[in-house]
């Protein structure tokens, strides 16, 4: 077995977190320094994958598999495909950025704060990389804990409400997914006599459409809440507004991707028939989300809330692309996920910058900021443009592909969704106008310091990404293409073979002899 | 030779009376006595069945039950005495520090 | 005169009886040692009882491989009883470690306390290890009487005494039903031996034997009372809250486990033949128990009471496994019991450390800001809470996964749905603890923590187990699955 | 080594932008100016070189294509970043770089005292880059990059003086309105791809006639072209999306000259001309284009009559002239459209720069009512502006005459007599209000305020130079396309390779010389009439002018208030949208969606409080519940 | 003859136990309980369980009830006078529920009477009842018998722990127990 890249990738931050906890709580500088070192090291460590990854190979790469719970048939199975490669890179980069960005933001208990950030990173990477349903659920849920603490301890006024709401809402969604996972597991066992949680095994299992409906719904709700899709989104504004900047960045940039990733990796390939059956509903909700999110964002008095609702709108595009179920749609959705990660992450960082200086997020407390802080204004402008999908920035590629893909299956959907393009320009520019332009309305703002060297360092990589992904997305697309094609093919094949499958009684197969169990 | 059903019905009556006693009285001692009645009704069932199938086990069982009852009474009365010392009452409807 | 020859015991039988012997001897030894003068603050009693428990556990573990039935099935030694014996001994040992310093703080007589603790353990073991309703009943009474006393141990204290009274009166009341049930079963089947009973039930012409039904039902209520299942649960919060915290820890894990051990033996074994009769009843009870337990815990202000309700809820989860039945159900129950004991004892153990001298600080508010001032306490409590709520990567999660999976396979979908939703509800109040510890600012003077090495060891042990079983439960899983093979 | 031919042209301004950003304030004003102008100047030279190379090629394959890299390739969809130079884009690129260069030079003088001098040229270069990308694009997507890019730059430049709320507001309005157009453009592209399977011009145009067949095809192409045209109306300020352009005058005057007169606003016309193949497949659309163009021309012209802000007058005239161009495209006279585009670029840029010069001279005064009599004080400005005014009025031999005449001819020839009539009327009105402006500004008594009088001075050479250059162009610019040429005039022949591919070329349908002479005469007369009226009303007897205003006060008010279109949009679109958004948030999101979520919590807590009532703490109660439980169980077995 | 005796004892048992739970004065109730136990012992005799009957009288009626009486005297309890509507309510529900439980049980058993496996069990030769029990106790039931010893020990210890010494009612306020 070659070098276990992925295991290192997942557990290095965890070890780092432990290391941080060993430092004295008062050693502020050392804590910041070391956490930065660890986060950056993780990033550097993840970069080689970009080259080592074989672009035109659909299957898992860097695969690792060890027995975990033989008695149940759960295994420690990690693997990477084009999609997870991108999301992993996004994670490592954004985490590094967030850590550096949080240097001055956190004054209270920095040790625990940074340790939790790193632990969170580990959890997220695990979620992206695991190929075992039980393991997936473990990471999926475990991830909530650090985020919950980040919001609850370092958050704003209503942090406790937000934290608890975040935790409960997400969990309420996922427990049903757990039931569905267990159901799948026993279904597998009843149908094939093999007890395993391995994803590949389920990719090969035919599931009766009638069964698929329920399983799909269970999965879909869990993911939809995470995305968040339209009716399930209300935890997001609270969580975002209350979370500390780094928290919001991670939350927006990566955590939300879990949902869409889940659809792409689990819900669609596993339950293609049900997925197709519910596609109109999901696409409809996605479109509603696009427009609704934009409209609500438009009238927000609070910068973070505005960005939060814009996330709802953007992720609507992702869902729409996914459910276009064609090459452009999926690729667009993936691009949109990455873009949203970069742009919205940057937006939250930007909000954080002025929040640090003024300790308010109300748009009305600003105005004319361009005069005191022109560099900040310029950065803000670029990020904002990428967020409204101006061609030449990353945002455009994603939105365009999504809409194109959608248009080919359903022009009307595309037309509705495209109106989001107008609205996004509307609310973003209006916000920008109120914050940046006009005369300086508050005396406190007249002497605001412009971006510091560290802050510029934070934004530099993001700006580079924004333009690079906008101008030359081909390398990224090329790496994801085989995986996406595979997903589509998988969906078709499974749909065909499941179409006539009969429902199976779960207790059809005998209980495996204790001790043996899984024989994948 | 007494039919089994007679003893069973009788025991059921006694059991019921004991049960009612527990439910309607508020004096811990009386409640306790009613519980004793319930135990004894059980004993009656044992003896009746032992008689019916002419086996000794039932009676032995009764013997054990009496031992248990004795033990319970000892501890129970101790608790009640202690209660009275602390609160000058043995009325269970005056005792609800712990609730909800 | 037909004299039945006295029982002949092999060496292995002596080992098998080792737990019983060791515990009885230990208990008496403790009393005898009273005549040897000792320093006022000596830990002799604690040490002796630890040794006793170790001996008990070891001797049974030593012959874990064999299956023996002694005294005509009055006492059985099989994988099932081994599992529970070890469980009870470890729970008792942890409780001893927790009580070590607690007793001194609260000025509780050590000798009697430990003597009763050992006897209660003995009672539990009998409940798990006996194949005859007589012994089950005696074991249950032994345990209960010891616990009545332990609950009321702080004589000078109104709550403690009140708790004891309630627990005692209702306990006696319940054992009245239990006894009556046994009597009817004896009448219906002509025996009190569980094996014989199941044989009878298996080949009895009519399953519609009313005596059997009523008897089994009353028996059920008796056990349901011990495991605190709704609507026979109402003593639990009061007793748990009033009892000395270490006692609460001990009984919350031990007594419940013992109740389930007996329940499993009886319901799955002796009444296994008429299992379908119990399924609807048990299903209803399980649903009620989970829901009522969690719902009532939502608004509690006292952590101790809240945990009491949570233990009711957990009884509900365990009942799901019982309903699922079969070897898988039983093994799920065993697995969950082990997990539950670790995390629940741990949680109460944390509470036992809070406060100085006589006072006990068990309000949610008392935990404010504790997480950062006492990192270990914070970490431990957080892990226990998450585990109780069934959040990975903790043991509680694994337990729920296995348990609900089994239930799902048995086709109990509604039960499973109710279960998982309940666990979401439960997370709400478990989170409140973490909120208090990490997110609230302490009001008034901060809660003191009375550290003691033994207690710390105990906590760390629980913590380690809770985490380890969360990430690698394979061994425990195997044990749970193997331990029920003897039962069926 | 051979120099790159095409991509270097947009690359140069971009490089200037990059340098500007990197070096920052280290390069002073002088450096900045040199960098910016140098880049654009060089770009012009490269453009010239490229066009010469193009001209050298045989007419058959007059198209240079340069693929730089693959942008995206997803499934069957693939787009490259590639550039195309054909006669059409050649005209555009020369106009853009040429006029652009002059305006850059002019700006150096005009913005000399501006604090953020560097930022201005940064934006300006960025705009050049975007505009060149737009015109040189080889496929719709790259064009869209430029399309939105110029939109962005106009947003930035309009809001250049960001501290003026009006400016910021105008910038936002421009961008958003453009976005509405882009929405159409985007969907249009999708349709083209969905049917044509590509976004590359030549592929789409080659395949279009074969795929868009039958009723379905006709509907599809009509919808597609209408959507594209929606994009054009946004960019080129046509009905219904023209309202942003007048407000755009908040920007610095050179910006108005460059973006809102010469180049950007003509992008729509360029796009329609570029897609003439598609438009000719959809006659309905062409009609729409023609009508919209005519309507816009008329509407804007009438409003232009009543404006007192010199820049706004010019703005409306721009809108109206753009209407002319669309009119041309609509009647199928694409050549004429492009021709007018070019000439208009010259004289309208000149007019704006002239106006800028005046404003500069009057230290910021823009109101015609406080000008007058400047002819002698600002000789150069006066001369050049006069030329431009004549050109726009359509007086031979100035540039405007030729192009405008050709448009009218085209309209007449293709049988759009209504359109033609409107054209003539608008010609008159144009001549009228342009001369009104000229007179109020340069002739008659001086109405200057005192200190304006005091600082009054002719502009520096760096500003006068461009004025002169443009003046020359405004004169000779039209001579490339004199009427009455057999086989079309030079300009037409140059564009032939592009437009002949179209089904039928209107301007190719030549009228009888007699008719054409008549038309020429008529339009000239119309123009002169307008001029004469202007002189009478504003120079000789202003009284009668005011009297006339009283007489037609209704129209006058209407024109002054710009037909209240802005207010209309505000009431019909903006306010309802905002109200709906607020409802979505305050009621729906907060109360309904989130209310449900919290509701669950409250319900549970209520249930908790309820359940806890049973926990009375009395042993009796507990025993009672126990007994009840037993009773219930017994009942169950009794009933089952 | 036996049936009549049985009926007599039964009547006595029922009435006395009813009086146990009905009578106001604890002492009287206790005495009625003694009576109930004695009549139960009589029934045991009729069921040919002499040993159990004797033990019933000696242990129960003797030891246990004496303990009860002692405690009652020691606490010299007044009559517990109960009044008020919720008391009556409790009474009503109590009687109702109790009756319902018994009725249901009887109905269930009576629905179709299945008297277990003992019909074929023929009453064997009358052996000395006490002797049999003794044999059983020390052979088959050796193990439980030993357990009972433990049980009694525990009870003893518990009794001492809880009841020994005086426990003054805690001064108001310092009940620093669980809140």
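As written, the chain order gives the labels A, B, C, D and E, with residue 1 at the start of each chain.
Throughout what follows, contacts are C-beta pairs under 8 Å (C-beta built on N, C-alpha and C of every residue); 3 or more make two chains touch, one makes a residue touch a chain.
Not measured: the values here are computed from a predicted model.
Enquirer: Return the chain whose centre of C-alpha atoms lies at maximal distance from the corresponding centre of subunit D.
Expert: The most distant chain relative to subunit D turns out to be E.
Enquirer: Tell me which of B-D and A-C has more C-beta pairs in contact.
Expert: Greater number of contacting C-beta pairs: A-C.
Enquirer: Return the distance between the CA-based centres of subunit C and subunit D, expressed in whole Å.
Expert: Whole-Å distance between the two chain centres: 80.
Enquirer: From the mean C-alpha coordinate of subunit A to that of subunit E, what's the distance rounded to whole Å?
Expert: 68
Enquirer: From the C-alpha centre of subunit A to that of subunit B, how far is it in Å?
Expert: Comparing mean C-alpha positions, subunit B is 64 Å from subunit A.
Enquirer: Measuring from the mean C-alpha position of subunit C to the mean C-alpha position of subunit E, what distance in angstrom results?
Expert: About 29 Å separates the centre of subunit C from that of subunit E.
Enquirer: What residues in subunit E touch two or more of the other chains?
Expert: In subunit E, 90, 93-94, 97-98, 101, 105, 108-109, 111, 113, 116-118, 141, 144, 148, 151, 154-155, 158, 162, 167-168, 170 touch at least two other chains.
Enquirer: Note the residues in subunit A that touch 2 or more other chains, in rising order.
Expert: none
Enquirer: Quick check on subunit D: which residues sit in contact with 2+ other chains?
Expert: Answer for subunit D, listing residues that touch two or more other chains: 612, 615, 617, 619-620, 623-624, 627-628, 630, 634, 637.
Enquirer: What pairs of chains are touching here?
Expert: Pairs flagged as touching, ordered by label: A-C, A-D, B-C, B-D, B-E, C-D, C-E, D-E.
Enquirer: In the complex, go through subunit D and note every residue touching subunit C.
Expert: Per the touch definition, subunit D meets subunit C at residues 601, 604-605, 607-609, 611-612, 614-615, 617, 619, 621-623, 625-626, 628-630, 632-634, 636-637, 640.
Enquirer: Could you pull out which subunit E residues touch subunit C in their complex?
Expert: Residues of subunit E touching subunit C: 105, 108-114, 116-118, 135, 139-144, 147-148, 150-151, 153-155, 157-158, 160-162, 167-168, 170, 175-179.
Enquirer: If we count contacts the way the header does, which residues on subunit C are in touch with subunit A in the complex?
Expert: Result: residues 326-328, 331, 372, 386, 391-393, 397, 401-402, 404-405, 408-411, 416-417, 420-421, 423-424, 427-428, 431, 434-435, 438-440, 472-474, 477-478, 481-482, 485 of subunit C touch subunit A.
Enquirer: Within their complex, state which residues of subunit E touch subunit D.
Expert: Interface residues on the subunit E side: 90, 93-94, 97-98, 100-101, 104-105, 107-108, 111.
Enquirer: What part of subunit D is in contact with subunit B in the complex they form?
Expert: For this pair, the touching residues of subunit D are 612-613, 615-620, 623-624, 627.
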